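Next come two complexes built around chain A: one with chain B, the other with chain C.
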Partner chain A sequence: MNHSPLLNRHRIHWAEIAYWLMALAVFFLFPRNLSLATAIVIMALFALSLDLVMGYAGVVSMGHAVFFGIGAYGAGLISLAGHHEPITGAILAGLAAASFALMVGPVLMGLSGLPQIMVTLALNVILYEAGNKAIAITGGDDGLRGIKLDPLLGLFKWTVFGQTSYLYALGWLFVLFLVVRCLVSSPFGVSLQGLRENTERMRFIGTPVRRQLVVVYVVSGFIAGIAGAVSAQTVKFVGLEALSVEKSIDALVMLVLGGVGRLYGALIGAPVYMLVHQVASEWNPFHWMFVIGGLLIVVVMFARGGMLGVAAMLAARLRGGR
Partner chain B sequence: MTDVLSALSFIGIYGVSYGVVLFTISIGLVVMMGLMRVVNMAHGVFAVVGGYITVSLMNSHGVPFALAALIAVLAVAAGSVVVERIFFVKLYGAPELDHVLMTIGLMFIGMAGLNLVFGPDIVPAHLPEALAANVHLGERTLQVYRIFIVVFGAVLMIALWYVFERTSFGARLRAAVDNRGMAEAVGINVRRLFSMAFALGSGLAAVGGAVGFAVLPLEPAYAFKYLVLILIVVSMSGIGNLRASAWVSIALGVIDTAGRYFHPEIGGFIIYAVLIAWMVFRGHTLLHSPSSR
Partner chain C sequence: MSALEAIGLVKRFGALVVTDDVTLKVPVGARLALIGPNGAGKTTLVGLLTGLLRPDTGTVVLNGRDVTALAPALRVKQGLVRTFQINNLFRGLTILENVFLAVSEHAGSSFAMLRPAGRCKPLVERSEAILDMLGLADVRHQTITDVSYGRQRLVEIAIALSLDPKVLLLDEPAAGIPGNEVARLLDTIARLPKDLAILLIEHDMHVVRQFAQEVMVLVAGRVLMTGSPQEVMSSSEVRTVYLGGARTTHA
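Let's turn to the complex of A and B:
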């Protein structure tokens, strides 16, 4: 019994429930590692935003850290300006990132293929350099310090071991994941996948191609902005690396490793990548590049679809053999 | 007045020599992209490996510059064919995202490998004496090296023009770029042509890295650092267009040098601004992409 995956999307699989229970269990099982766990959740959210444009709409964005960075600096500046409520602060920062996406989206979504890859990359480089020069706003190399927050919902203080931070980040991930899940199974989401598969045909049947792409790009920019904001709020610091091309590539690698266009690809790729990185953190950063480079090549050559793709293939084979 | 003239000549010679190095590195990718439709983010690795081999042959084995560069170029060209056979054959006809991912992976491995072998620091550029000498032009002194590069660039362009326009290899290459199916139909072995073009392209990149090691300093992160510049040249010059990439490279070299000379604070941005403006207004005409929106 193999239904079309398009029709199956809104059904909840038992593994999904298991995933979220595990994410919650981390809170109890690893109380001393919650800052790493929070960083993982934030990167999963960031990679999820990338999956929305890349995996579903077929837009290759090489500079998604632009939105992460705007969200991070936005949240930092909002707090420094005296607004200490975290949730509205994050939403405002996300909206700042979304408005930037709305500004550049109409141009970027008019491109495709190599020009799109390059312009998104160049945009990232420009914004990084601008952030580096605009010391009055970003603090330059020193970054933004002294970010203060009110207790979450007025109840939970921001603890040293990061219990509140972890649950706060996980809450954002869960809510935005549900939003993205609904979005991609909606008629709009299916239309986006049509664009990914064949833009010309979608245009012929009357789809407003560019408008749809801009809408999804703005939503993705918002989510990436929230990820950046949550990072700024939980780490209480924003540095230039939030805007760096390396950040964009990190998210790309996590997503590809987990599986593009599968939602959970981002959610699985991020922890695997970050945990391997954690183990390798005492190495020379250049040695870590062997690992990333090797992973990318292996995925493209042998494991299209990433870890989830391989898992799905194995599952299908097992079922076929029975 | 003489100040202006000397500033202009400085920008001219530094900008053009910068452009020549950029052209030499990028032209290989222009050809590969035109012929094989491969987006190669790791192209800079060929250049930097060429540079490293040249410099280490010169420094530790006392090989003369020209011979060292020649050995480096041949080694890179030969090595690149192996890389093509193992990795790039998987990419022909695959989606662009696969190209980007695989070649970023190759670039990272290249960077990590260079760090492992040569260490993380920038390699100081010790030019051979003949090139390091200065000549006096009016009030300014100029390194012979810069003049050498400009002359070298001119010779290279003529040689490339000859290869592309006047040899049978060039004719087959152009035929395959314009219409691969037709080229195959008239009996051109496109597969073998791919390998030859790959060797030529990476060899040229190695020439750029070897000759330009004092213009673009060698370091493990080289391929990543100059990636955007290389891609700008490639995407602005269109499919396999030799003349356009020469002009684009030189214009970029001069604009970048002038920008940094007059406005060091924002100079580095100017080429990116030019790129984005170009993409926005001319992007749709660039590089054939099957699903142009």
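Let's turn to the complex of A and C:
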């Protein structure tokens, strides 16, 4: 290969344009399935936030739903407190999640490997239990209801079929995707990948390792928080599942299916996972996990790098054959 | 003034004294070689100098500043840079990317987020200039694992030079390189800036003779002697050590 991929990451590939056109086309092609489509977009955004820390910086976070949950409850509470403007509401909720990441980041980013996995997981479990107990804030098992929003930009009402919701979620995904894309292409992003490759060596080129990891963790926490906020705002409900370990694992599975450390892995993995889930649970509402589990095993064993990894390999082979 | 100075360094692991009251001076522009048999404590000493290990007693002074309590990354910022005995590179990245990481860090750009790395002209150009200097330009887009071990050794040095060191610790730079590539490496080292202080940790006497103005012999954690290469090599004491037998004189 006659280039250094990290230094060419900012170049736009035609497939990227195709992807976003398709996402937009969903709006016109499946007007009756927009609530599922919105849920997919939200999970893609959540998985993208995980890819930033895990796929690029090599941080293994098993409890990323912590930030999703804080964002969701944050956005819900902000609306219930009387602030109904959606965009600023989501940003405030994202900032709440980011602040929490800033609080726990310095400790978590000092860990690596198994301890990091266990502590992030434990943090998730603790927060879930705290959410369960703090009924006054979270509504406990009943969750938060009665979330109201002003029309988007003062113009678009929140319709029953979810047209506004879908475009609102897709808008967030697109903007934050551009932010993440810019981040991973920058010298900061290259440095993150140096950390993933060889943290020890980074210390010996003088990198303030922990500070760099905390920064990316906070950015990732913000994005996960926005994903949670958008979920609360579009579903008009927040339940404890927003904070659950299952939520964290869902994002991880989506990322692994799509391909870790590729940005679009999150954006491909989320729809695949959720569509398979949809179809399989119609087929059998109790055993759909077998299908997802089977798919995951196949990808991990035979398609390292996920679906995008396989696609990239095939593309390289085709090009080589020409 | 010494670029790097260690005063009375002691390091114990349990009851074992691995570094036993070592004092050394590396003046500006020095070409000092540190030799010693296996187990003499060379690696530990490098660890103490670079900040990977903390001495039990003693101080490390870099450019007149006490850095004993400073973490490795901060010592690098002060100009103390090392290479590794076993290649310690970013194996999944290309050679250019390996060097770019160091150049970007040194330029203070490792938190720059707004502009794509590939469009940061000064950083890319400096990376390429360093690769050019070390004869690595033609393989700059190859992944580390795709080039020869000797080339990888040169990347170690390229990364170190990107950090614009005042003091360079070369930890057995010739280790594992086939004979025909050693000459190129030595040539590269010989062409390094004259005002750079270099401490070479080496096993190979041939390399030491070519490189060093001064040689320090470390045995069982202690400095056995310091002198010119000729003095050291003609010393009967040093010979005894290298032929075995004297290794147990100190615990």
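In the analysis below, the second predicted complex is superposed on the first by the 315 of 322 C-alpha atoms of A that agree within 3 Å, B and C clash if a C-alpha of one lies under 4 Å from a C-alpha of the other, contacts with A are read in each partner's own complex, and residues count from 1 in each chain.
FYI, a contact is a pair of C-beta atoms (placed from the backbone, for glycine too) under 8 Å apart; a residue touches a chain by one contact, two chains touch by 3 or more.
Every value quoted in this text rests on a predicted model; they were computed, and no experiment measured them.
> Quick check on the chain A-based superposition: chain B and chain C, clash or fit?
Pair status: fit.
> Considering only the touch criterion stated at the top, classify A:114 as touching first (chain B), second (chain C), both, or neither.
Touch partner of A:114: chain B, not chain C.
> Once the shared chain is lined up, is A:200 touching chain B (first), chain C (second), both, or neither of them?
both
> Can A:183 be said to touch chain B (first), chain C (second), both, or neither?
After superposition on chain A, A:183 lies in contact with chain C alone.
> For A:191 in the superposed arrangement: first (chain B), second (chain C), both or neither?
second
> Classify the contacts of A:22 with the two partner chains as first (chain B alone), second (chain C alone), both, or neither.
neither
> Between chain B and chain C, whom does A:209 touch in the aligned arrangement: first, second, both, or neither?
So A:209 meets both chain B and chain C here.
> Just to confirm the value: shortest Cα separation between chain B and chain C in the superposed three-chain model, in whole Å.
Across the overlay, chain B reaches chain C at a minimum of 12 Å between C-alpha atoms.
> If you lay the two complexes on top of each other, which residues of chain A touch chain B in one and chain C in the other?
Correct list for chain A: 198, 200, 209.
> List the residues on chain A that touch chain C in their complex, please.
1-10, 182-183, 185-191, 193-194, 197-198, 200-209, 212, 215
> List the residues on chain B that touch chain A in their complex, please.
33, 39, 87, 90-91, 96-98, 100-102, 104-113, 115-116, 120, 220, 227-228, 231-232, 235, 265-266, 268-269, 272-273, 275-276, 279-280, 283-284, 286-287, 289-293
> Show me the residue ranges of chain C that touch chain A in the complex, using the header's touch definition.
By the definition above, chain C touches chain A via 50, 71-74, 76-77, 81-82, 84, 88-94, 96-97, 100-102, 104-106, 109-120, 123-124, 140-141, 159, 162-163.
> Which stretch or stretches of chain A touch chain B in the complex?
Touch list, chain A to chain B: 54, 60, 62, 107, 109-115, 117-119, 121-123, 125-126, 129-130, 133, 198-200, 209-210, 213, 249, 252, 256, 260, 284, 286-290, 292-297, 299-301, 304.
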